[in-house]
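As written, the chain order gives the labels A, B, C, D and E, with residue 1 at the start of each chain.
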Amino acid sequence: MNARIREILSWYGSDSAGTRANLARMLAHGRLAGTGKLVILPVDQGFEHGPARSFAPNPPSYNPHYHFQLAIDAGCNAYAAPLGFLEAGAHQFAGEIPLILKLNNHDVLHEDKDPLPAVTGSVREALRLGCAAVGYTIYPGSLHCVRMYEQLRAIAEEAKAAGLAVVVWSYPRGSALSKEGETAMDVIAYAAQIAAQLGAHIIKVKLPSVHLELAAAKKVYEAEQIPITTLAERVKHVVQSSFDGRRIVIFSGGAKSDDKNVFDEARAIRDGGGFGSIIGRNSFQRPKAEAVTFLQTIMGIYAGDRP
Amino acid sequence: MNARIREILSWYGSDSAGTRANLARMLAHGRLAGTGKLVILPVDQGFEHGPARSFAPNPPSYNPHYHFQLAIDAGCNAYAAPLGFLEAGAHQFAGEIPLILKLNNHDVLHEDKDPLPAVTGSVREALRLGCAAVGYTIYPGSLHCVRMYEQLRAIAEEAKAAGLAVVVWSYPRGSALSKEGETAMDVIAYAAQIAAQLGAHIIKVKLPSVHLELAAAKKVYEAEQIPITTLAERVKHVVQSSFDGRRIVIFSGGAKSDDKNVFDEARAIRDGGGFGSIIGRNSFQRPKAEAVTFLQTIMGIYAGDRP
Amino acid sequence: MNARIREILSWYGSDSAGTRANLARMLAHGRLAGTGKLVILPVDQGFEHGPARSFAPNPPSYNPHYHFQLAIDAGCNAYAAPLGFLEAGAHQFAGEIPLILKLNNHDVLHEDKDPLPAVTGSVREALRLGCAAVGYTIYPGSLHCVRMYEQLRAIAEEAKAAGLAVVVWSYPRGSALSKEGETAMDVIAYAAQIAAQLGAHIIKVKLPSVHLELAAAKKVYEAEQIPITTLAERVKHVVQSSFDGRRIVIFSGGAKSDDKNVFDEARAIRDGGGFGSIIGRNSFQRPKAEAVTFLQTIMGIYAGDRP
Amino acid sequence: MNARIREILSWYGSDSAGTRANLARMLAHGRLAGTGKLVILPVDQGFEHGPARSFAPNPPSYNPHYHFQLAIDAGCNAYAAPLGFLEAGAHQFAGEIPLILKLNNHDVLHEDKDPLPAVTGSVREALRLGCAAVGYTIYPGSLHCVRMYEQLRAIAEEAKAAGLAVVVWSYPRGSALSKEGETAMDVIAYAAQIAAQLGAHIIKVKLPSVHLELAAAKKVYEAEQIPITTLAERVKHVVQSSFDGRRIVIFSGGAKSDDKNVFDEARAIRDGGGFGSIIGRNSFQRPKAEAVTFLQTIMGIYAGDRP
Amino acid sequence: MNARIREILSWYGSDSAGTRANLARMLAHGRLAGTGKLVILPVDQGFEHGPARSFAPNPPSYNPHYHFQLAIDAGCNAYAAPLGFLEAGAHQFAGEIPLILKLNNHDVLHEDKDPLPAVTGSVREALRLGCAAVGYTIYPGSLHCVRMYEQLRAIAEEAKAAGLAVVVWSYPRGSALSKEGETAMDVIAYAAQIAAQLGAHIIKVKLPSVHLELAAAKKVYEAEQIPITTLAERVKHVVQSSFDGRRIVIFSGGAKSDDKNVFDEARAIRDGGGFGSIIGRNSFQRPKAEAVTFLQTIMGIYAGDRP
């Protein structure tokens, strides 16, 4: 265990040896092992957007084994997916890649301005499947946030008691937020803070824009002249908002986009002190060999390789 | 245990020996034993539509024993029904046919655009009655889907822990879907994916039409030129959407219809790589001797008998 | 145990010895012991309609002991009442008459087109009071039916595990049904079927009228020419709809009415193959001696006495 | 134990020795010990109406010890209060006066035509505090009555299993009742009946007026010529409606009023066969010495002292 | 243990040795040890208002360790925060300062006139983190108050059984209250009473204004001429409303304000018999050295230092 991992683990001093070991498992795995950086492969789009929108651009990805192998081949730190996808491969790939069981999911077959995902897995299932962590999505801003926070409370308590790590996807959304507000600087920082206060070990948010959504917050950002002009500054503010950097915060890649963009974003995350990326569609929606190269380029950025 | 059954069981590697044995029990029973194909007799229409609409066309079918005997005589792989119907015969027919206890049901005495079935049985009852599996219906698209998914999560976890298999009926329905959308290609594929992600071992959906319901999905079907013109192609796409064929997907026969239609559909299911049919009203609403012949014709199609 | 009781018990083969013994206790008690017929005294009107409407016409009936004694003196098979009424006499009358604890009740102090009774007792209380069975009312058609069915599921499972019998009052009611529809032939048959599918051992419905409420059902009744002209025919159809006569179905007497009517109804129930009556207000709202004669006349009809 | 207490206990034959002993504890305590009559001091107004409205008229009553001492000094049978008030004195006054822990409470800081109190204590807490009984308020007529009845069911079952007595405050209220209807003769009798059917050992209602609220009930009161002209007659009818006098029914004093009124009411309660009073504001809102005299005058009326 | 602490503990006679020891731990810690007064540092604003609004004015305060150290350096009696903030330091600062785990929290990303906080921690977590107490916020006046009171009931019962103390933040808010009413004299006194009746050991309210909100209460305040002109008088009335001073009541400092104001308020709290302050933003939003001086000035006021 190198010094950086020991340092990171020191932030989680109240956690059990089991949970700390599982955090270490992810930090010590793959291409970024020992760097304190993480690139995680998440594949929940089959549930969230439907199979064709997710997998048709690269048909081998309909197969759940595909994603295990992609995460292994690319040297990701972990692979995250809902129950069905993990069940379909956890036995065969046991011990080859740390797994994160996503415990709630949401589909787009019904309308909801204030989303409420369904709990689709459990800590017991995560243990059965040999996972290192559980994942859970909250939508701060949704009218159903109380229910989500309370489910997360129970799940996190049970996960910690069982020695698992807790990864929280914190995505502001709901009838009181504008579309632009969902990625506003103040709102994303707030979302990271909420996840941290709820006891997340690893926090996952979207990259924030320069927009400020809430009037009371805007006043403070202006009065205190918090620097948020560049993406790296905004990442830095999110990291600061996550217990002054004492919680691991990673950022999502979002919809498929231009590779150069993604690499620039990774550089900004790195320069702002972020801990890495969680990259789904941008990786699995292209042929596997390309995806491996693509992911390793990102890992190289985090590892500080000369580009 | 022949190679095909071993192959199918290999897809369920994360499951316990108990669950795998129960899947094998169904795959190794009846006329289609060992073929990897399934024809299941489901009789929940008494609850779902009322007794006269279900049984008056063939009055002996009011008797719960009738359906056990029909499934046995026709050589079905399993018989599925609600608590009352199974209780009324499980003792007498113990060991003669694998049973599936349907754990939720819905009636038509009240209106609901967004249906929510009632949980009417339990895993414990399924064990008491000697069942091989539990069945559960979800209505993706219903505003009550969160509740259904969460009930299924709990039931599936308990069933797996008890060594039972989990069969999920996935029927899109709800205020955000058009009538045509309930069997749209994209929606049915999505419904199969959701069932698979929720941890179903066996998925049951309706046969999809060529219609595409969701704008975002339609764009992808067209861009990727997914072939969905023939019924066999559509079945193939549903199988692909069910973890690339690594989950058993069977199709429902729907309302009573012309025999030729049903046989044509079975051929399309077979040609598309589907795993079989679940046929209720088309079988039990005719005299038993006819029903046996009818079911065996379908089984013959799946078994590859020369027609 | 005579042959008829053995035959009836054979329909409940999946049940435990305890539950079967309790069914036998009721079938083997009182004036109709061994006939396979049942006349049960139910007294829940104090809760359902208020004390004065229930007991003022015959003031001794305010006293809970009155009803125990009436059921005993008349030779009923069992006495059914809510928690308070049973608690007030179970100790004194222990072993003198099989008891049914009614586990849910409804009052008329608030309005509800879609009724939801409150659960007012439990299986544990039924055991404490030495009951042979629990009773539970469902209102198929009510928007709250899911909650009622799910409560019944849990109660029935617990009761069966404890060796009790389960009696279900199935009363269609709710905003989607017309007043006439609550006793329509198709609706009553459907209500009996639902109770049977939910696992009831004994089903209690109202006597059906010749009216047909649901369009889809009406078409079938007409197409199949199901005979429903006479009351006996309608009773027979209800019995058929209760697993082809393999579940005990009894009929309620309803509001106080002319004795001749009640006797005629009992004859129709007998002739249609019904299993008996549950008679409350018509018996306890008259002086006890008269009530005993009245109930014994009805029992005589079921026993096949020459009238 | 004198004959009258033995007689009263005989009505509770289905209860455990523990519960019967606790009923006896209250009946055998204080000035009215052995008379079969009860005067209970209830102090929940701090929660229900706020502290100033409750205690400012007699400031020493802000102190929770005040009420223990008042109940002891006056010779009440028991003292009833919410968790906080009992916790604040149960240790010091252990064994000096039977205690009743009120398990639900309601405040007036929010509006609700259909009240729903919050559960604020538990049977376990009642045991910890050495109580003889638990108290629970239901509002028959409230749209939330199902929730209240079901909470009471669970609480009463647990209390009885723990050997405690159950006291039910039954206060009709809700959007379907007129203001006058809340104390109407038919409605109060119905409320007493519901409490009795729910398993209450001691029932507490308001004194009924001569008004009849419900059309169906009114018809019966008139047809049967139930005498309800005098207050004593109305009390008698409430007692009759409480299992023909086989349940202890006591009456509330209501808001502070003229002493003569209160004494007249006590005489009517006594003459009608009521079991006593529960008197809060009329006692603790005056200086303690006066309150003791006042309460003992009432007790004298019940004890049959020459006035 | 000095006499004053023994006296305070005597008010909590019904509590276990464990809970009394934890109350003593807080009363015997820091600058005010043994005075019977308390100054507590609460830091939940990151969750309640967002990170920038809370911590940007003094950026080191983004770090969770900052607040532990501030509370220690200033000599506070205890430090209160949500799960995440405590987890992030409880291990390192074990034994240095009594901790209070705030078990529910609320954010401002969604609108709610009738607030409902989410439960974000548990008694088990409080024990894991070595806390002396749990904290819980109720909003009397909110339409969701029943849910909050019932959650608090369960939490307080569990906390007491585990030997923890219970601190209740009681903040009137909701659609039936005017903005001014939230700090009205009658409403604050009522809020303190409710918290006390719910079993709080320590009650935290806002400082009341001279406004009277509720008509029925206003009448009594005027009739009884309750003195509420000065802040000290109002504090005295709140203390009286908290079981006549037999419960510890402390007051919040509210938003950042002029130091002189805060000191004047502390003097009024002291003069009115209040037990101290809970001061968050006014302390942690300034440089630490200044904050320590500021907090110690307040403590000096409570300790009776000559100013």
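Some points to look at:
Note that a residue touches a chain if its C-beta (ideal position, glycine included) is under 8 Å from a C-beta of that chain, and two chains touch if they have at least 3 such contacts.
Just so it is clear, the structure is predicted and the values come from calculations on it, not from any experiment.
Shared contact partners of subunit C and subunit D do not exist in this assembly.
The chains that touch both subunit B and subunit C are none; no such chain exists. Centre-to-centre, using mean CA coordinates, subunit A is 58 Å away from subunit C. Annotation for subunit B: no residues touch two or more other chains.
Across the interface of their complex, subunit E is touched by residues 11, 13-15, 114, 140-143, 145-146, 149-150, 153, 157, 172, 174-177, 186-187, 189-190, 192-194, 196-200, 214, 216-217, 220-221, 224, 226, 237, 240-241, 243-244, 246-247 of subunit A. For subunit C in complex with subunit D, the touching residues are 46-47, 49-53, 56-57, 59-60, 62-65, 82-92, 105, 107-111, 116-122, 124-125, 128-129.
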